[in-house]
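Shared chain: chain A. Partners: chain B in the first complex, chain C in the second.
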Partner chain A sequence: MAREKTTLNLTSGSWITRVFVGAFIVFMAIFILGPLFWLAARAFATSWTFPNLLPDGVTFKWWGTIVGDKSLLDAIRNSLIISPIVVLVSAFFCIPAAYAFSRYNFFGRKTFLIGIFAANAFPTIGLYAAIATLYYTLNLMGTVLGIIIIQLLGTIIFMTWIPAAAFSSVPRNLEDAARDAGASKLRVFRDITLRLAMPGILVAFVMSFLASFDEATGTYLVGAPEIYTMPTKMYALVLNYPVQIAAVFSILLAIPSVILITVARKHIIGGHLAEGFQIK
Partner chain B sequence: MSDNVQGAGLELVGLQKILGGRVIIDNLNLTVKKGELVSLLGPSGCGKTTTLRMIAGFLIPDSGQVLLAGKDLTKYGPEKRPSAMVFQNYALWPHMTVFKNVAYPLKIRKMGKEEIEKRVHGVLELVNLMHHKDSRPSQISGGEQQRVALARALVQEPDLLLLDEPLSNLDAKLRIKVREDIRDLHKRLGITTIIVTHDQDEALSISDRIAVMNEGRIEQFSTPQELYDQPATEYVANFIGSLNRFEGEFAEGRLIEGASVVGIRPEDVFFHSSQSAGSYSAKVNLVVPRGHFHEVYLTRDDVKIRAFMSTDIPKQGDIGFATISKALIYKDGKLARTA
Partner chain C sequence: MTTSNETLNKENLAVLKTARLSLFGFFLSVPPVLIILLFIGLPIVLAFIFSLGFTSGPNRIIALLGQEIYTKDNWWGTFDAYKSVFNDSRFFGNLRTTLLVSFVTTVVVLTMSLGLAIYQRIRGGRVAAVLIALTLVPLFVPVVIAAFAIRSFYDGTGFFKSLFEIFGMNFPTLTMTTYAVAIGTIWTSLPFSILMISSGMQSIPDALIETAQDAGAGFLRIVRTIMIPLAFVPIVIAATFTAIGVMGSFTIPYFLGANQPTMLGVEIVNFFGPYNRPQQSVVMAFIIFAAASVIGFFYVWANVRSAKLSGKI
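Now for the complex of A and B:
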């Protein structure tokens, strides 16, 4: 069912092509990987002053500093608690909505669907400023609940649109066949629809987690100075701590993303989503 | 019909269904005997699939009833009905193996593991697919997928078996083989079966009775032979087998203007070089070889008529005599008499 792909052979052709392709690859490597290497190097460097090409020494002491600093540990703990909660709450409300969007026609369906999309197209800083004024009235400033709500906003589009597409990709007749075999509607959803839509839903979970985990602007507006998460703590870190601490923190911030994407990769590419979305 | 009658009799009473403002099914009545194999035959849009879906429970009729063995099933969803359906594109679950696909209905009924294995193996052997029981649907051929779908339906030991266009996705040779398989299976198991098809060959070759449908109504419900010999309406005569259609009346071998419609089957037209009782002069316009018979186009007084002949095939341009052994005469669309 997947369309045949034409193999692009970039290593053949005239020498000019090869030089350009090579130069482009080197440039992209430096552009993308450069800062990452710099970051990794800084995280383990004793000091590294310009104009030295390499750091002066290797050390783990910056990692120790983080473990010893309560405010940093608090920020890490907050992030690791708040983000899963946000994702679960988001899933609880949005996935049934996604199913409704996918399988049912109701008054206002198109409006809601586009509305969710439009809300994300709005500049977030303006949105958050407006929400902040509302929060003052509701006494939500500086509370975990306030942060959860603000982060939810960023996850709604992922938790609605992506699962809706995933549900829509499950052929109706597969559900019909399950009903004919004796399964109740709930059972059909669990055994057939959800199972086949799972890759798309996993993508939605990963995207939503990252959206919540990395969310800084709204969380800073609402949370600071009482509650910090890892991204918002970064603001303070960069100003008040040595740059190596910031580098370590950056790496810590990236770890959940890397883990999630590596784990999810197996389920997303290759398998039913691949067949459904024609990606191999 | 089979000697081993199982299942229950199906009765459709006054079914009505309106979809999108259009009347799809209009006061449809049908009684299927226990153990019978009945086809719903008609072109696309005649309502046969809608009827099947109402029998299966995917559609609730606006009025009317669906009764199985006397029990009113009309308000029940498909999961509560003792019918099992084989879908047109098989609808096998891609994330399950063949075994799991067939076992699923039994799993739902909370059957024990050994019992499930016994029943699934039994039915897989019946359709000759034991060697594929651990394969995925994407790994087996279309014909094999259909057998899995059939196995999945049969494993439920249904009172009613529903087949939606079972042969339409198969190539010509496979179609004939699967047709025979369905007929043999029905003979063995004797389950009341309803088949939806647009292919008259398919329907004629395996059905005990056929319901010929047109625009949401059943035009005729009879055995294949009756449908062929005594088509109740012009539509049925046209749909089953081939027909030469003339508007008017045949008198003394000449076509006269009239209100009725005359239908003559090509097999009932004969051409001879010599005259005989009741024959008329005719000229051969065209001869088309069709394998085991020839299509011979005859003209008589500007009236063109088609004959099927398998012996003494004339050549184009021959002049001779034509005889008509049987004509169907229709008044207002209904069969008035045969001649």
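Now for the complex of A and C:
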């Protein structure tokens, strides 16, 4: 249903407008993309002499350095282990709740929903300081469990809100028809409800994975110096390593985001994202 | 803004609201709420009483480990930890920086999002599509990388510095100044605000705009009386989310800001970790919470309102 949008007839044909719009595009391109290219180029630079706009030479040797550095490999391994666990735990607790929000009337329904939003309304750094205070008592400082919990908090809004919307959009009459045809409740849920809600649930998985994989502040506060993930390792890299190595590591760290968001882009930009969003 | 999906949602919701209360539904929905209560609600309460000098019970260990801990001398606690934070001459500079950066970022991001969303809604076309696509790029970039990339782009050997040098001119080094922090927060905040506001604008029916136009309403009048009111809830969500996000940021000011004054996010981590003054760290956290509380209220209000409009609550 591609409907044409009205285009108001503004006086925009004039060359002044065109020049202005053109200049704005160039400005935005430099503002947004400039830093990324400037950084990415460093991952392949032998050295860089100020004020040249291009590096002195091209090399891949920095990529080899990563493989030889155990602490960097540890960070990659930690990230690749912790984030999937966070996503699975989050799905285990939140997806049944999402189904309940979509299908059942129960005591406290509205309060619970407001509570989930309210959890998102705190400036994160203050929240992490408060959590870390409790972590000392619970003996969770510097532990994998502590990191999993702190990253889990950032995924809850995605894992409840996006699947709830997905469950709500499954037509009830399809479920009723299947029930009439003799399918059991469980079978209806598995073969119809869950299957039709799957795209929304997958978007929730993608967003939760990225929220966990890219989470730096809370993980740093409760994990360092015992456990580093890729984003928290970046803090040390930026300050203590050659800029080229940090650039290589940046590219590695960005790969999951770029792949997953590209795959899920249609759904994210199509509106699922607006249903529950938390990144920083 | 009524799509078939939303009509369906609203009908289902009407059925749902009259359904009898389900115990099963209640139990299914409890786990995430419990996690939030345990790991957000409880820590906030404990940290608050810790900031007032309640240093026993669950706060005993942190009080043992930290330095310069103030213990309550009244039944309700003490303000000594707050006093020590207020007496630190750096604090007010940091608070001012935090509020200023949050305010400037929110204004800039909102202006850009509104401008782009209105342009896209009214003009449409390739230019709008390209601009929107550009502003969504930061969505793909983890914030640590964004901060690092912006840091090297504006530092002493950065792009503009090099470019100007080639022509024998000088460009200021922005990295390690508050300007760079604002550039970073604007860069990372743009995609969410643009997504929110442009999808809000896109859902305004053509008929409304056309009718107004036929009745002789000019561009600004259409924007002021139709587009902004109809996209009001997404605009509030975008603005409040941006402001709260910036107030609670650490990575951007840590990589891009000056050592002093810096944003409170950096100071909270410094006081918690390197300075080992957890009580002061928590005090600053509550000062940020207080500053953000009104914004947070509107954030929750707008989200609940938006959920209601689309038939989810």
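Definition applied: the second predicted complex is superposed on the first by the 251 of 280 C-alpha atoms of A that agree within 3 Å, B and C clash if a C-alpha of one lies under 4 Å from a C-alpha of the other, contacts with A are read in each partner's own complex, and residues count from 1 in each chain.
By our rule, contacts are C-beta pairs under 8 Å (C-beta built on N, C-alpha and C of every residue); 3 or more make two chains touch, one makes a residue touch a chain.
As the structure is a computational prediction, the values presented were derived from the model and not from experiment.
J.: Looking at the combined model built on chain A, do chain B and chain C fit side by side or clash?
T.: Fit: chain B and chain C sit side by side once superposed on chain A.
J.: Who does A:171 touch here: chain B (first), chain C (second), both, or neither?
T.: Both partners.
J.: On the superposed three-chain arrangement, identify whether chain B or chain C touches more chain A residues.
T.: C
J.: Have a look at where A:63 lands relative to chain B and chain C in the superposition and call it first, second, both or neither.
T.: In the superposition, A:63 contacts neither chain B nor chain C.
J.: Under the stated touch criterion, which partner chain does A:105 make contact with: chain B (first), chain C (second), both, or neither?
T.: second
J.: Counting only touches as set out at the top, which of chain B and chain C does A:153 meet: first, second, both, neither?
T.: A:153 sits against chain C, while chain B stays out of touch.
J.: Answer with first, second, both or neither: which of chain B and chain C does A:96 touch in the superposed model?
T.: A:96: touches chain C, not chain B.
J.: Regarding the shared-chain residue A:136, is it in contact with chain B (first), chain C (second), both, or neither?
T.: second
J.: Name the contact category of A:31: first (chain B only), second (chain C only), both, or neither.
T.: Only chain C is touched by A:31; chain B is not.
J.: Check the superposed model and tell me the shortest C-alpha distance between chain B and chain C, rounded to whole Å.
T.: In this superposition, no C-alpha atom of chain B lies closer than 7 Å to one of chain C.
J.: Based on the A-chain superposition described above, do chain B and chain C contact any of the same residues on chain A, and if so which?
T.: 171
J.: Give every residue of chain A touching chain C within the complex, in rising order.
T.: Per the touch definition, chain A meets chain C at residues 3, 5-8, 10, 12, 21, 24-25, 28-29, 31-36, 38-39, 42, 48, 50-53, 93-94, 96-97, 99-101, 103-110, 112-127, 129-134, 136-137, 149-150, 152-153, 156, 159-160, 164-165, 168-169, 171-172, 213-214, 216-217, 220-221, 224, 231, 234-235, 238, 243, 246, 250, 253-254, 257-258, 261-262, 268-269, 271, 273-274, 277, 279-280.
J.: For the complex, give me every residue of chain B touching chain A.
T.: Residues of chain B touching chain A: 56-58, 77-79, 83-85, 87, 89, 91-95, 104-105, 108-109, 138, 152, 156.
J.: Using the touch rule from the top, collect the residues of chain C that touch chain A in their complex.
T.: Within the complex, chain C contacts chain A at residues 5, 8-9, 12, 16-26, 28-33, 35-37, 39-40, 42-44, 46-47, 50, 58-62, 65, 121-125, 127, 130-131, 134-146, 148-154, 156-159, 161-163, 165-166, 187-188, 190, 192, 195-196, 199, 202, 206, 209-210, 213, 219, 222, 234, 240-241, 244-245, 247-251, 254-255, 264-265, 268-269, 272-273, 278, 281-282, 284-286, 288-289, 292, 295-297, 299-300, 303-304, 307, 311-313.
J.: Please name which positions on chain A make contact with chain B in the complex.
T.: Checking each residue of chain A against chain B gives 171, 173-174, 176-184, 187, 191-192, 195-196, 272, 275.
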